[in-house]
Amino acid sequence: MDVFDLPAVDDLLKTALNEDLGAGDLTTRLTVAPTVAGRAEIRAKQSAIVAGVLVVRKICAVAGGEIEVAERVGDGAPVAKGDVLVALSGPAQALLSIERVTLNFLQHLSGIATLTARFVDAVQGTRCRIADTRKTIPGLRVLEKYAVRIGGGANHRFRLDDGILIKNNHITAAGGVAAAVAAARAGAPHGLKVEVECRTLAEVDDALAAGAEAILLDNMSVEQLQQAVPRIAGRAVTEASGGIILENVRAVAATGVDIISVGALTHSAPAVDLHMILLLT
Amino acid sequence: MDVFDLPAVDDLLKTALNEDLGAGDLTTRLTVAPTVAGRAEIRAKQSAIVAGVLVVRKICAVAGGEIEVAERVGDGAPVAKGDVLVALSGPAQALLSIERVTLNFLQHLSGIATLTARFVDAVQGTRCRIADTRKTIPGLRVLEKYAVRIGGGANHRFRLDDGILIKNNHITAAGGVAAAVAAARAGAPHGLKVEVECRTLAEVDDALAAGAEAILLDNMSVEQLQQAVPRIAGRAVTEASGGIILENVRAVAATGVDIISVGALTHSAPAVDLHMILLLT
Amino acid sequence: MDVFDLPAVDDLLKTALNEDLGAGDLTTRLTVAPTVAGRAEIRAKQSAIVAGVLVVRKICAVAGGEIEVAERVGDGAPVAKGDVLVALSGPAQALLSIERVTLNFLQHLSGIATLTARFVDAVQGTRCRIADTRKTIPGLRVLEKYAVRIGGGANHRFRLDDGILIKNNHITAAGGVAAAVAAARAGAPHGLKVEVECRTLAEVDDALAAGAEAILLDNMSVEQLQQAVPRIAGRAVTEASGGIILENVRAVAATGVDIISVGALTHSAPAVDLHMILLLT
Amino acid sequence: MDVFDLPAVDDLLKTALNEDLGAGDLTTRLTVAPTVAGRAEIRAKQSAIVAGVLVVRKICAVAGGEIEVAERVGDGAPVAKGDVLVALSGPAQALLSIERVTLNFLQHLSGIATLTARFVDAVQGTRCRIADTRKTIPGLRVLEKYAVRIGGGANHRFRLDDGILIKNNHITAAGGVAAAVAAARAGAPHGLKVEVECRTLAEVDDALAAGAEAILLDNMSVEQLQQAVPRIAGRAVTEASGGIILENVRAVAATGVDIISVGALTHSAPAVDLHMILLLT
Amino acid sequence: MDVFDLPAVDDLLKTALNEDLGAGDLTTRLTVAPTVAGRAEIRAKQSAIVAGVLVVRKICAVAGGEIEVAERVGDGAPVAKGDVLVALSGPAQALLSIERVTLNFLQHLSGIATLTARFVDAVQGTRCRIADTRKTIPGLRVLEKYAVRIGGGANHRFRLDDGILIKNNHITAAGGVAAAVAAARAGAPHGLKVEVECRTLAEVDDALAAGAEAILLDNMSVEQLQQAVPRIAGRAVTEASGGIILENVRAVAATGVDIISVGALTHSAPAVDLHMILLLT
Amino acid sequence: MDVFDLPAVDDLLKTALNEDLGAGDLTTRLTVAPTVAGRAEIRAKQSAIVAGVLVVRKICAVAGGEIEVAERVGDGAPVAKGDVLVALSGPAQALLSIERVTLNFLQHLSGIATLTARFVDAVQGTRCRIADTRKTIPGLRVLEKYAVRIGGGANHRFRLDDGILIKNNHITAAGGVAAAVAAARAGAPHGLKVEVECRTLAEVDDALAAGAEAILLDNMSVEQLQQAVPRIAGRAVTEASGGIILENVRAVAATGVDIISVGALTHSAPAVDLHMILLLT
């Protein structure tokens, strides 16, 4: 049982098919005879880390089940331009009808895995993990966070109910770091750690004093992080976030933070360029 | 009645809220008293063209209706760093609970509008229109294509049933450009034009001879386009697609094509950086 | 992949099964032992053009998959009283439980195909096509328009987003035929033609002058059509609509219009009389 | 709380809106300025019994809530050509966007109410009730059976779980009328009567002997019914069904049967001709 | 086709899987290698009447289909501590991921069947039937009433539309028992009996005079029932309800009532203790 | 924004209304005139802790919005027999139609809150918290866990994705406690603690050595717990589970465990007896 077997993902696949097909594939119906059969290959037009190859099989199952699918690479595999990701065979009409939906999933998820892998590579050799955020495209969070894992990244919270992260706005509403952390610790489910966002060393001190188990060092410069990490000294998990890009991620990791979280992994990863080639049989 | 009133969009808003809230906002429940009220502002952290401000109002309505929403800018407005897009007021718990979902929609749609506007600006003064494609994020097509319009772009097909675009794979299955176009013309609904993808001038000639009403000039160089457009000479709508980026779009437009379609508008637009600031009252 | 494979159609099949079964088939449970197996035949009680035979297979798949289905005719086949459309075999309980839902789809879709075929036959030998409208039964449009195609008809728009048809109420709101057509032409997606409803020859002239690509001649008499069609003279597609019934459709077609659209195909087609006969094995 | 408040009906309204709107009303967006306001009237183009006027209000609520709705007649009212059913006012764009969906519901439900009323009128003065069947359009049963009531008819079963009606196929599977009725009586929930379909007087005798509480006299001629009804002599409710049309319904009713059920009420009622007229303000 | 094949039940299974899995089974993913295969047994930890074993097979089908399922007992079977209900085999990850959802259904439905069987046993030898009510857990009514049947009980109404039961609040609103019963009889569908709740012998007299076909003797003591039943003397079905528990149910049955309905069967049945044991292969 | 504002809960309310209403409330339609208005009170028939009073307001909103609702107590309030929980006023038809659905939610959630409160009271004065489990009724987890909080309990995991709890079956598949804990620690998201189920003191030692942050002491006797807790000595959170009932919960708490989790809170809590009384106005 994988992420693509989740009923919620199945609903998304159906939504995507409905969204693209509407009342059916008009061009294909008009131009391709139902009896034409073929093979098709989904190929990379650039280097990438692949994520989502199982989507093809699931979409074909939803869309009538006439297509045979053979994955040529697994999720996480690096591919180069021209490599075949998935081979399909079946009625040409069916192959053409599912082409775009399939590619839309694959190109988006592979884009996330590819960008994640670049960040992960950049911190190679440090003890730092690259993590995602809740800054995801609405409706795709489960799949996007799966793609982050495929790219070698770690998942932060999935939702507002499965982690405690006290952010600046909470601190405003709670009346300060200390009050917010204390309240969270008093009521936190026993399996969750209390994390709090700190913008200054003073807030870090307050957070530690109040018993924070993880500290998000928010929008700090490398210099600030170099002070904060030894000050925390392992008493809490440390996470750096805000303004971290490929160009500076290694410097941030070198400060010794445990986690670097990057919203761009999911909200701004460029799609990987893929295409499907139909070959008659 | 706007695009955000569509029942299908309402379903997407609910899916997004469920996805982010799960069983509810734990951090907020633990750290913020239900009696705390506040104001909040959604502000830009960079220059952008805004799209989706009405999403805020709709999400607040779905999420219990306790929040008052005042849009400070309309969709299509240019904003600079620090500008307020939307002002909200109500219980702090409610404001915090809808923050992320709201921003996720706004940052994605504004990203698309902003990128589209850059392409549109780049061809300013030519008669060429910038159009989107079906290369969209699954589940968001209606909103993404709306954002393209907000950015000044034109919409290509919404689905496989509302336009006829004979692509290379169809041509393979149909046995050539001429056969495909003829078949499409014979069966096309009377309100739709028949468009066909051509990679060579020979294919263009075949397409015109077969009665194509629009021709997508696929992955052609500017030089090829300079030959193709006068050859078509207004007998069909001309569309250029494939490999067109901000750096070369004006040169492509200068060839005289009617339409330039760009997949990146929807599949690779970076999110606009926005945040919500809570202010107690 | 056919229309019955669309996820939206699958949802309709499930809705229909739920609607008819509720908590299950009480009479069958009380009167038929689970061990009884049988064959069943869906037979015509009148002459008809069949549409929807694949529905049987899909409904049986949704309802537990114990029934074997053999289509004896394909969609579009003419049947006479007593002809078998579909043969089934399996547990008698299952056969009885899906009987009514199956027949409800088949009798409605075949009714539409049959009525459409009568209109198509009536204009045989002219160059005129019979088309449907958006006057469909809520929730069934995709299937009803499929049945129209099976009966030999053509599909008009599927939705408000996939065609441009300026109707009288639009003209009122836009301030006249010329203004409405001009506005539509300026903003129309490049793959769609602009069609406008005209009630008088003066409106036809305005429409042509403004660049309309199709003209719906609304509720015109045969005499008016005889004037309008040569006046348009091929400069736009011509469509006649309003008050056209089997008795006058040939006269309308003889005026030379390209398309005759008939709302009754979908909103008033009488069901075809079918029944299912159970035979024990 | 009326039938239009049922969540399942609300789902149907949303499905119908999605089905017609897709990504939105393109023609209206292109030709009508957002600032244009208007009034609109839904008028009859023929005599009819109205059913479904509340649908207009519900659809307008789903579609953004900008339209004011005033019902001019109630369900069950007779209208003549030109009568106004519902008056609306609001933005012209919104009025145009909901026009077709609204009319599609109203014309279908009013068609059913109108046909039902004709049957009910035809048996006026007898003690016989006109009832519907489960031969309904998939997805619309609750509304269609509501329209039957509005037309003065009675509802038969809604589903397979809320009534016991042993049909010929059950009798085949159960091994005869007596066995089937006995089995049903033994297990029937205490609030439901056991009804059985009989085709001959011998079957009627068997049914009565086995304790049937209602007998459906299936496809019997008036002469057969004249024998069957006095033979049953009030020991069971009597229902006639099969082949009953407006021309013979009074003769059937005169035989003294309690109920006449007519599938055509729901599966073949022609739509009532209605239209919406927009008037600028 | 069984109750677990109903599309509405399928929706419930998916809802339950989504509810438990969210983004997937984290613990299993972290601790169990995908290559580990195993067998598992669902075993009883107490004596019980089993209901719902087919749920296991359905849930496994929804969740990716990699698990083989063998039911060791059928619904309605009595099991003792240690007995195996269902044996499964497949990937350990999949087995662990569906464990809890599966058990949650089985323990709840078996709890209802077990409690029902205790009531049925308690009235063994009388002619009285034990029936359920509409006091069910929201969303589970079809399955809970199925479990009641498995336990030997009878089903009362499924919904507000499939039976007529005039309760005290209706009597208040209608202006008395006689008025309420008369109104119901006048309009009742011909397949439904009119039942009315009576709290006194005077109300019973009114009900019978007005033609009630079933009488619910509401919250009456055994002594009152002993008077009421002979007074009704078979002129109506008799049902006792209110305050009936295992300790007094036989005394109530001995009064000669036809039906005893017990809300606790569905709203308060304790779960049966079950567990799943994984065995590596 | 409260738990009843979650879109997923809204879906459950609609499902429950559909489930109970079907095609509408037949008895009420037949016996109560639409013009009758009334007040109604939902009253307790026993002592209880109330949970879910806001459900009434939400259900009334879904069901047409004609009813005014006034909560007389808040969730968490103790009520005695005869106390009014909620007062309603509106059309009698509407009040009667929503009665049962409303009560079904309230009686179930209040049952859970009441049982939870009894466990919480029983450990009063100790530092131990009473927690729920994932042994919930399918589809109701969010509401059931809310009711546990209302009763004073704490929430354990909501799903398989928001906590790490290594159970016996995982240990089997992973090859022992140490291997399982180590694997989980290596991959755990930074906000989650790693909890492991231990059945013996040896397993506890293994768990601690491997770095477990919480230990579920599974089915241990009070004597075993008395050994285990000091052995752990605060190095991990301690949770006792298995076979804990009201009679022994205080003794378990006295062993010093941090958490006691009880499946019966959600899977076996008896409903609280409530009713609605209609009063005409």
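A, B, C, D, E and F are the chain letters, set down in written order, and residue numbers restart from 1 in every chain.
Here is the rule we go by: contacts are C-beta pairs under 8 Å (C-beta built on N, C-alpha and C of every residue); 3 or more make two chains touch, one makes a residue touch a chain.
In this text the structure is predicted, and so the values were computed from the model without any measurement.
Trainee: Quick one: how many steps at least from subunit C to subunit F, stepping chain to touching chain?
Mentor: Graph distance in the chain contact network comes out at 2.
Trainee: Angle of the rotation mapping subunit A onto its copy subunit B, from a C-alpha fit, rounded to a multiple of 5 degrees, please.
Mentor: The rotation relating subunit A to subunit B comes to 180 degrees.
Trainee: Subunit B-subunit C contact: same residues or different, taking over half shared as same?
Mentor: Result for this pair: same.
Trainee: Could you state the distance in Å from the CA-based centre of subunit D to that of subunit E?
Mentor: Chain centres of subunit D and subunit E, defined by C-alpha means, are spaced 32 Å apart.
Trainee: When the C-alpha atoms of subunit C and subunit E are each averaged to a single point, how far apart are the two points in Å?
Mentor: 43
Trainee: Roughly how many whole angstrom separate the Cα centroids of subunit B and subunit E?
Mentor: Taking the average C-alpha coordinate of subunit B and of subunit E, the gap between them is 51 Å.
Trainee: Among the residues of subunit C, pick out those that touch two or more other chains and give their numbers.
Mentor: 15, 21-25, 97, 141-142, 158-159, 161-165, 189, 192
Trainee: Touching pairs of chains, which are they?
Mentor: Chains touch in the following pairs: A-B, A-C, A-E, A-F, B-C, B-D, B-F, C-D, C-E, D-E, D-F, E-F.
Trainee: State the interface residues of subunit B toward subunit A in the complex, per the touch definition above.
Mentor: Its residues touching subunit A are 12-13, 15-16, 19-32, 36, 38, 40, 92, 95-97, 99-101, 103-105, 107-108, 111, 134-142, 158-167, 169-170, 172-174, 179-180, 183-184, 186-189, 192, 263-264, 267-268, 270-271, 276-280.
Trainee: Which residues, counting only subunit E, touch subunit D once they are in their complex?
Mentor: 129, 131, 154-159, 161-165, 189-193, 195, 214, 237, 239, 258-259
Trainee: With touch defined as at the start, can you tell me which subunit A residues reach subunit C in the complex?
Mentor: Those in contact with subunit C are residues 14-15, 17-18, 21-25, 62-64, 66, 91, 93-94, 97-98.
Trainee: If we count contacts the way the header does, which residues on subunit F are in touch with subunit B in the complex?
Mentor: Per the touch definition, subunit F meets subunit B at residues 1-3, 5-8, 10, 141-142, 145-146, 158-159, 162.
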